[in-house]
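For reference, the structure is listed below as structure tokens.
Note that the chains take the letters A, B, C, D and E in the order they are written out, and that residue 1 is the start of every chain.
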Amino acid sequence: MTPLDELLLFSGLTLVFLLLLGRFSYAGKVATVFYGGQLLFLAKMADRIVDGSIVTFSLQVELFGQQMSWRFDALSWFFAVITLGAGLLSSWYASGEWGERFRRRGGNLWLLNVALAANVFSMLILLGSGDLLALFIGWELVSWASFLLMTVAGGRAIQAAMRYITYAMSGAMAILAGIVLLWSHAGGLQYGQIIEVIPQLSQAQVWLLVALFGSGFAVKMGLLPFHLWQAAAYAETPGPGAAFFGAISARMGLYAIILVLVQLIGLARLSELMIPFTFLDMRDLWAWIAVLTIILPTYIALRQSDARYLLAWHGIGQGGYMLLGLVMGDALGSAGGLLHVFNYATNQAVLFFAVFAVMFRTGTADLNKLGGLITRMPISFFAMLVGIIGLAGLPPMNGFVSKWFVYRSLMIEGEPLLFLGAIIGTLGTILSVYKLIHNTFLGQLRVEHVEVREAPWSMVAPMIILMLLIFATGVAPGLVLDWVALVQSAVGLPVVENTLGGVELASGSLDMLWVVGVLFAGFGIGALLFYSGGRTRQVHQLDNYAGGHFLTAEIRYHYSDNFYAGLMHLIRPWYRGSFVWLESTLGSLLGIAASLIQRLYGALHPSIYLLVTVVVTLTWVLL
Amino acid sequence: MSKKVTPWLDNLLQEIEGIEIRRKDSRRVRIDIAADSLPTLLELLRGRAGYVHLSAITCVDWIDESQFELVYQLWSYESQSLVSAHIRIARDPGVYVSVFDLYQPAAFFERDIHEMFGVYFEGSPDMSKFILTEWNGPPPMRKEFDAEAWVNETFERKEYQPDWLKEITEQGGGIVKSPEEARQKKP
Amino acid sequence: MRPENYQAISHPPSNEYELNFGPNHPGIEGNYALKVKLHGDVVVAARADGGYLHRGFEKLMEGRLWIQNIALVPRICVPDPVPMEVCYSMAVEALNDMEVPERAQWLRVLQLELSRIAAHLFTFGGHAATTGMYTTMYWGVADRDQILDLFEEWTGGRVYHIYNIPGGVRRDIPAGFLDRVSHTMDYIESRLPDYDNLFFTNQVFVDRARDTGPMNQQQALEWGVTGPNLRATGLAFDVRRDDPYLVYDQIDFDIPTEAPGDAWARTLVRRQELKQSIHIVRQVVEKLPSVSGPVRTRIPNPLAWNVPPGETYTRVESSKGELGYYVVSDGGDKPHRVHVRGPSSMHAVQVLEQLAVGARLEDVAQIMFSLDACPPEVDR
Amino acid sequence: MSIQTLLMELVLMPLVAFVVGLFMVLMLRRIGAKLQRRVGPPVMQPLYDIVKLYGKKTQISHGWMHDIGIVMAVGGYVAAETLLPVPGMDGIADKGGLVTLVYVMMIPSLGLALGVGQCANPNGSIGIARALTAMLAYDVPFVIVVFGVAWYFGTTNLVDIIAIQQAGGVAGWGATAMPLLAIAGLFALQGMLGKQPFEIYIAPAEIATGPMVEMSGKYLGGLFVMQCFQLYTAGVLYVSLFLGGGENWLFFLLKVFAVVAIPMTVAFLFPRYKTEQMIRLMWKWPVMIGLLGLAFVMH
Amino acid sequence: MKEIDIPIEASVDRNRTNPLARVFDELVRFCRSRSMFMLHYCTGCGAIELPPAMTSRFDMERLGIQPMVTPRQADILLITGYVSIKTLKRVILTYEQMGSPKYVIGICSCTVNGGMYWQSYATAKQLDQYLPVDLYIAGCMPRPEAVLEGMRKLMDRIRSGEADGWKDYYRRYDWYLGNQQHLFGDDWQTPADVIGEASHYDLAGPGTEGEHTRLLQQCQKPLEPQQTFFQIGGSLEVKGESHE
């Protein structure tokens, strides 16, 4: 048995276990251990991956005379690590009091656990795909598994999930068309065959190919203009599911983009594809899509008043950085993009965990109904703090490093406008994450939250682990950069020469060990200075300046809604002008498609629906 | 510059019962009127004669007659004259109608009179306290409220007898006679 | 329990929040409060809260002699105290049917106009400071001090003069005083271009003040607004011209108006009034030497001065608008009733509340200062 | 470089920054005083203020994040100073570079924002919201400038940038080569220092000094220290990017004080804008000038 | 300007024996005297003479005096004239929110004994019954020069350590509170916890607590606890969901 056999087998076993015994209260805890086991198998694979060799799956299937195979290379392995890590922590988070409450409130915990396991399993299959047919099957499995997880909450979640599956199906169609196109030329779907045939294709054919694959994968990734489904679908998913989705699910699209566009077609070929009537080529187009994906969703996030939606919109935006780094194609940029997959996953997971911890205690994620929880939930606050520093890309957390790589790459490549766009996105991120933490944890503590306490250990522990991870990989990004370098060599990108603290470059290097060291030395001096002053005494929040007036607990003086009002006065018309137009145009187009599909399936119960669709998918694939 | 109040207005006003008009000078007219007719008068003055500016509403406490006098000062930008309309209302219960629907500035004056004299104006938009929000005593502007007695009761006075003042007093200077004493001697 | 006065405007679950302007706030004029409820940075409700400066003047005056009250009245409006003295004196004179010597009338005009210049300089400073322009405030207050110096030489008091008494003024001007007045006027006039460059035509200020707290003529009349705020809506009404008192009918001056009625127009009207006041002061300086005679008529023993019964309403134009005194005498040595109609009692309460709604948080202080609200007049 | 020198530099650089910063605060107040036709504070006044504030008996805190916020605000700048080369001392400038410096400079703002947040005062929260908005406004021209400079010199290492400029004399200065970017940089500097007309987040008449509203004693003292660092950092950064850094301390300080005097003088001659007016201005002229300058540089 | 005897309990400053500490104390006292932040709060008409004192002509900043916006930032509370009862409540709140050492200056005659409003029902008469006044500047109103002179005097007193009204407020809080309760009613309360502060900073004296503070504790509307809870709970209850 190869390690991949063991991994997939064990992952399937987890799924089967949960399907059969998931109703018992200990199932979640056991599943968590199982995810840990899967991670161990992955670790077992590590030495082979480091060697640059490929781990294969013993089972091979032949379909339409096509050999379907599965294997793990460094790229798959890197994504699999993140997937399993996210799965492990999400499952852990759900296994304790959170799951208990979820079940008591009438939630289907069994379905949640099963869907999570199904997601992990299908993602591993996708990541392991050794040819385009396997990729497509894996892709479909992932789509449906995601759909399953999205529907767990019911209600609005179902609507969002429906929207998602509409997008996913149309994306799958595009991918299928692309595969057919390739198959008709190459006569096979093995990666080797395709790499050979690509140079022989005409520009127009490659154009079509990129458009088909690109739009198909972009749907999953939530790239502009296919981003509209994602926020609602992820945000409405219950707790750990949202964290899992936010951390990794959308990155499957990135994985496929790397595989097809970077590995098979090649970035060089993309640069040759000119866009008619412009001076842009295909690569610029991707870069601009990436930048728009950074900016627009980030500024939509700025307006959200629900913490989950805010984070979900950021998830879309952060995808842009990864793509932007990758399309730059140089060692720094692609390293930054890949590193950001990891960094972002940790940040997003911890943020969702913190938000759901707050929800667990207060029952709401509405940013206008919270406030002042720092004194009640200090660890969740700290988790969110670490998360937002990472997400905003400030030192000393890991998000800074990946963004630094992307920026430096843009500077070296001489892309001022892309650089500016990326920075504007970062600034927007800073603005909205401060709003998130301010409205949740800072400011006035509401009367009804006076009794709130910190979340239980089962929820706090994953947060603490993630916090440590974020900080450690921020101080020593070299740990992850080693993996990233492996991925780069596996994919055929230039490899970044990293050190433990960052990167050495002639034109300005980064050494996070020093930067963080000095930063904390600075904090030390600041603290020394601070504590050299007199003793402090904490006062009550109502002992506060109010223009000389007396504050009482009944008065709401917490500034939360329309937080950046001054900015909004200027940019609100832009939302109306461009975003709404975009959404309504696309929405009406997609609405027609969605209504058609919903008319077909809308009346069915989700589980029957699932059964039917699995059957349909299988017959579709087999025939 | 100065224009007289037009004769037709005089005629018009004569029709209101119980009205007494006195001209003090070319720009000042005093009208005494029964309390019931005041809204009619104001409506006439505002609607027909251009007295759009309510300059002030004053309340005078005639405690001996057990009456409040309400004085409405109206100014016309066109004829440039000031009409003061005087009415008397009973001191108890001290209720009158608001003229807010005719003159918006009345809201402030009526609110002020309410907290200072305790006169309630029906139909005034806001009769809540404005100035004396933290005052629990009786309406202070009423004549029966003796502020000085209240102060003597509530506050202590600081004794101030420095040496230099004592010296002066000993020499026959300083305050030897209070104003009250000085006044007592003259009839 | 904390003080009961704090009436929250309304309570959650709305997302609006409350913010207090004042009484301890640089965005409020004097000791006054404006409680606003905001959504984002837009005011959705505003409520003025006064009474912090309440001393019960009207009650105090009923307990003091006619002449003693002269010392009390200037305290009612601190930045512009002279109109208070003049108006009260005029009321007592009217009750006594007393003639004021012509020279005293000219002196009163001089004092009124100097006081107006001082008050306007102070207002500009305050208005500029609400927009972060402290240099104007520093200059304006220092230049105002030049006028206070004149007052000090003339009356002995910098701020409160207790100079106008029923029947005239306390004493004549000192020797050579008129030269110093014209010199000071020259100085202030020479500073005006600096103010223009720094403040009135400063593009940033114009951007801030244009369309801020706009009020049209219709509204201004409805709300009983007077003074520069009314003139900024285009109506040329001035008590000095339309209901003349003292010797204003012998003086040549314009009534500046502006049409838009916003903060910018209000400030501009005051700026032009400053110029007019300087012009009036110059005329008085020219005229005074030719008017000779006593500066006051004899009054009876002030400690036992029984004023004949009657009532009167006198008004003057103060720097904030129409100031009125309604005085009732029952024939005793103390007033039976004195009612002070402070011009700010209109625009500092109702008008401010209405203009603030829908305004931006940035503009609330500016609206208040551009209305030139004077809280002690409201609280009395 | 031996570890001893490095350690000494790490201690000295913030210290120098603080002392120079104190004099900058003094200059700020003196310039204001001169324009307002008065004398102004005594020489040691900034120091008196800080010592007094740290020496207050009661120190009113609103919670531990309030404390940590101030520590971060001061500490972040202490760290930033070591990334900023001055004559004779490079610190760890070559370990981070320009981009890192820009981001480290955001740490104090973040710390302050969190600390103010816990004060639970709406004025403070509005102030922070405005400060972050202002950051969004001035950072756009600022990153254009940073990009242009990095592209022109081919490096983000400040030590190298300064060395390249000094090698060419005055003709080699960034301001000579990139005058348009230097102008755009001045706008960004004005915004970064938060002086009128961009003083939107202090705005005493509107939000009662915003972030400072609940700061007393050493908290306020920390902010005063931070102001020293902020003035110094902004000045030195500008000098390093455009005016050839410092050949020696005399010229270096002359240049830094001259640069900082510009926004200080402007500050006392203008009222403040509204938030959206500031953003509109910042995204219009400086960005236009900056992009034009960038186009020249990249040609 | 004659000095008025202000009833402040004389206190003995504990002089530290360590010579270095004494130098340090001396330095801090010096800086306190040279850097006085006064609160921007116009409580009465005397405030009109503060802008001239601050601005170009007299320029308080020469002496290190500058206006500050909120009580937290300020050291000096200037009571500029009469305090109406409504204002007095705010003034007391403001005073209690200021960080010690803090100084109160009573400007204008009205703060001494009610001034010309001696028979007014709306103003408090003796400020030093409610707050510890360190210095009075008499006059109606005192000129800017007098204000500056008063400030100079306060500087000297701070320098020499005599200006310790703030300690008196902690030590005799019960007396001050009693006077406040007499005027405002028994349910008078500010959100500031003076007794807690006094004990935290070891400033409490025999008069800190007494019958009036007991009355305060009886009538007090309790403030919710505000300290941070670090324990990690296991309860499944949702707090405050009713609001949703």
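Definition applied: a residue touches a chain if its C-beta (ideal position, glycine included) is under 8 Å from a C-beta of that chain, and two chains touch if they have at least 3 such contacts.
No experiment lies behind these values; they were computed from the predicted model shown.
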Each chain counted as touching chain C and chain D at once: A, E
Where chain B and chain E overlap in contact partners, by chain label: C
Furthest chain, CA centroid comparison against chain B: A
Centre-most chain [mean C-alpha coordinates]: D
Top chain pair, ranked by how many C-beta pairs fall in contact: A-D
Centroid spacing, where centroids are CA-atom means, of chain B and chain D in whole angstrom: 60
Chain A and chain B, separation of their C-alpha mean positions in angstrom: 73
Interchain centroid distance [CA atoms averaged], chain A/chain E, Å: 55
Distance between chain centroids, defined by C-alpha means - chain D, chain E (Å): 35
Junction residues of chain D, two or more chains touched: 36-38, 53, 55-60, 63-64, 122-123, 126, 204, 208, 213-214, 217, 274-275
Residues within chain B bordering two or more other chains: 132-134, 140, 145, 147-148
For chain A, residues that touch 2 or more chains besides their own: 369, 374-375, 378, 445, 535, 537-539, 541, 544-550, 557-559, 563, 565-566
All touching chain pairs, where touch follows the definition stated at the start: A-C, A-D, A-E, B-C, B-E, C-D, C-E, D-E
Chain D residues touching chain C - in the complex, by the definition given at the top: 32, 35-38, 122-123, 126, 196-197, 199, 203-208, 268-275, 277
For the chain E and chain A complex, residues of the former touching the latter: 41, 70-72, 89-90, 93-94, 97, 190-193, 196-197, 200-201, 223-236, 238-244
Touching residues (chain side chain A, partner chain C) in the complex: 368-369, 545-550, 552, 554-563, 565-566, 568
Touch list for chain E against partner chain C, complex: 39-45, 47-49, 51-52, 54-57, 69-71, 82, 84, 86-87, 89-90, 94, 116-117, 119-123, 140-141, 143, 184, 187, 189-191, 219, 221, 243
Parts of chain B lying in touch with chain E, wherever the complex brings them together: 132-137, 140, 145, 147-148, 150-151, 154-158, 160, 162, 164
